[in-house]
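As structure tokens, here come the structures.
Okay, so chain A shows up in both of these, paired with chain B first and chain C after.
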Partner chain A sequence: MSFINFKKKEVQVKIVYYGPGRGGKTTNLEYIFSNFKNRIKTELVAIKTQGDRTLFFDFLPFDIGKIKGYDVKVQLYTVPGQVKYDATRELVLRGVDGVVFVADSMEARRQQNLQSLKNLQDNLAIHKKSIFKIPLVLQYNKRDLAEQDIPLLSVETLEKSLNSKLKVPFFEASAVEGTNVVQTLKKIISMTMASVENQLT
Partner chain B sequence: MNSQNDRTVAGEVEDRLKDLFGESVESPAIAGESDSPEEDSPIRKLKSTILSIDWEISDDLLDKLIKEIGILENTYKDDKNLLVFFQLLGSVGKYVKSTKANAHPGAIRLLNSVYNSLEIVILSEGITTAEKRKILHVQVEQFKKLKEQIALRKAEMAKKKEVIPSEIKPAIEEKEEDVVVQVEPEVITEKLPPDISRMTPQETVAYVLAEVKQLIRAEFKALREELKL
Partner chain C sequence: MDYNLGHEQLTKIEEVLQKDLMEMGVHCVIFIDMAGNIVVNLDDGNIKHDVYSLAALAAGNFGAVSAMAQMIGEEDFSLLFHKGEKESIHFSKVLNDFLLIIIFGHDISLGLLRLKVTESIEKIEKTLKS
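The block that comes next holds the complex of A and B.
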């Protein structure tokens, strides 16, 4: 649930980038930070392991300005993708308002995508949230690898295996090149703000 | 945040997001990328492969890296400095391929660092041979440093092994570990002399090749003896 301070006229929304390990969640945040740091004027907080993997989470807060007189603050989080860090993922999902699921388009990662999406559903359920109700955007990342003849899952296959029941907006993306990174973010913020507003009425 | 103003709220969100993440910021960056000199450069594929390895260490990608290096060695066969760059990349690539997730974290960083320097050397207009050598020297030093770190790691692992009683050691694991841990780090750098930077690239290549052959022979001999036991 978003944090709303009526006295200060302030709204805080929490958006979590979820998905399998090495899928590009942190790269999404790094792209946003490096391309818009002059505008968002905050710092990206990242806690890495020795091998540059996300150990706890990455955190990027920024203000989007006033909406109907309320200052809206957005907090972006990533979770560690590796299976063993489930407790951390569950913790980061506490109070989540919107989720971007970053799927890895590589053919070899089909199973990891499914496992991670199921894990998201389970961890949301722990916080009494439904994957079918929470604002959710799918991002099919690493589409640029097709140029290197790396076998990728087709968008149709990804849609069928991940989005056939959810039917949420999706983007083909390349976080490393920045393709559709901003579009994904804009979509999830819009959906989350609409959801927050609905909860208030 | 009143429900009577649904359209206005959605519109305001759109406006704020447009202000914050408007195309004016992103477009020039994208245009800049497509205009960058490496787009049409022979090293473009190498860059993609190295970036992919940063994301995922797989046999396919490492084979691709080695293949790409072979192509570039042929393309730049007359440039001795570049050949040493490719040799560094190839050695680190082979090491990562053999050790995969157990590879020293510095190996991937070095792969990126050597590539970045290579890109500067190839794409910078008017760069002098002396400048190229200076950049190369830095990478060779990094390479040597990595070699020392790997050797240290290997020594630590060997110490740990000694503590475990031999009856308990699973034979198959031991053999696999020997192949992975002992052969490859040695292949990289074990006996490069401290003054390699003063050698000509051809001498460096010849020296390293001879060392590699010798080390592989020694390792296989040791393995054979161990297997007999």
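The block that comes next holds the complex of A and C.
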């Protein structure tokens, strides 16, 4: 949950990038960091294994200005996508306010997307949160791979298998090229803030 | 872990941290929740740490250690201590949802710090429950 400091007039919101391993969660954060470097005062914190996979989480905090007189600090986290790091994913979801689910568009990853989305639902439930209620945006990543003739799932197929019940906003994206990375971020921030805003006095 | 802290509670917690810990000469005190949000942050004006990243890492670190504790049959390790050459960090759990992080130099004795930390945690817990 967001922490609202009524004394300092400050709100801290936590947004988590979730999804299967090697899907591009960290790449999203890296793109955001490199593009808004002049506005982000800190470094991107990444806890990685030797093979450059996320071990614990990546973390990127930045200010987005004022809403209703409150300074808003957005904190972006990623989770490790690999199945074996489930305990870590559960930890990172503690106190989450909004989620971006980064799905891998590659045909070969269809099953992993479904597994990871189910895992998100289960881990949110541990924190007494519902996947149907939390601000959530889907990102169909790696659309750029079509140019390299790598078989991709069509957006219709992805929508049908991941979003038919959730019915949340989605973006076709390429985190590597930066396509729709910022749009995804803007959408999740505005959805998350809408749910936090009515708590501000 | 939903909680709400009022203006008065925050002021009281700040006072306790200032009086019990900052005045004994520690460099920085950060009071956070287990999600990694900063509730109170005080420092001696000489350091420029990235406290938001520190808070996120501390919450993650503490969560990981708690999970390890449960694996060996302990409910929790209520405090952690990392010793550095010049600066050290002391973490202690406050109720179930908060963490008190103290950064201090080698001029402060760990024993005295622990005593002061225990005292201030008692006061903070009272405030949080009020």
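One rule holds in what follows: the second predicted complex is superposed on the first by the 197 of 201 C-alpha atoms of A that agree within 3 Å, B and C clash if a C-alpha of one lies under 4 Å from a C-alpha of the other, contacts with A are read in each partner's own complex, and residues count from 1 in each chain.
What we mean here is this: a residue touches a chain if its C-beta (ideal position, glycine included) is under 8 Å from a C-beta of that chain, and two chains touch if they have at least 3 such contacts.
In this text, all values refer to a predicted model and were calculated from it rather than measured experimentally.
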Partners on chain A (chain B, chain C) - clash or fit: fit
Which superposed partner A:91 touches (first chain B, second chain C, both, neither): second
First (chain B), second (chain C), both or neither touched by A:139: neither
Touching partner for A:22 - first (chain B), second (chain C), both, neither: first
Partner touching more residues of chain A, whether chain B or chain C: B
Which superposed partner A:42 touches (first chain B, second chain C, both, neither): second
Partner chain in contact with A:119 - chain B first, chain C second, else both or neither: neither
First, second, both or neither for A:194, with chain B first and chain C second: first
Distance of closest approach, chain C and chain B, by C-alpha atoms in Å: 15
Residue ranges of chain A in contact with chain C within the complex: 1-3, 5-7, 12, 14, 41-43, 45, 47, 56-57, 59, 61, 73, 75, 77, 87-88, 91-92, 94-96, 127
Residue numbers on chain C that touch chain A, as the complex places them: 1-2, 5-7, 10-11, 33-39, 50, 52-53, 56-57, 59-60, 63-64, 67
Sites on chain A touched by chain B in the complex: 4, 11, 22, 24, 32, 35-36, 39-40, 50-52, 62, 64-68, 70, 72, 106, 108, 142, 144-145, 147-148, 150, 176-178, 182, 185-186, 189-190, 193-194, 196-197, 200-201
For the chain B and chain A complex, residues of the former touching the latter: 1-3, 5-6, 8-10, 12-14, 16-17, 19-21, 25-26, 29-30, 33, 45, 48-49, 51-52, 55-56, 58, 60-61, 64, 105, 108
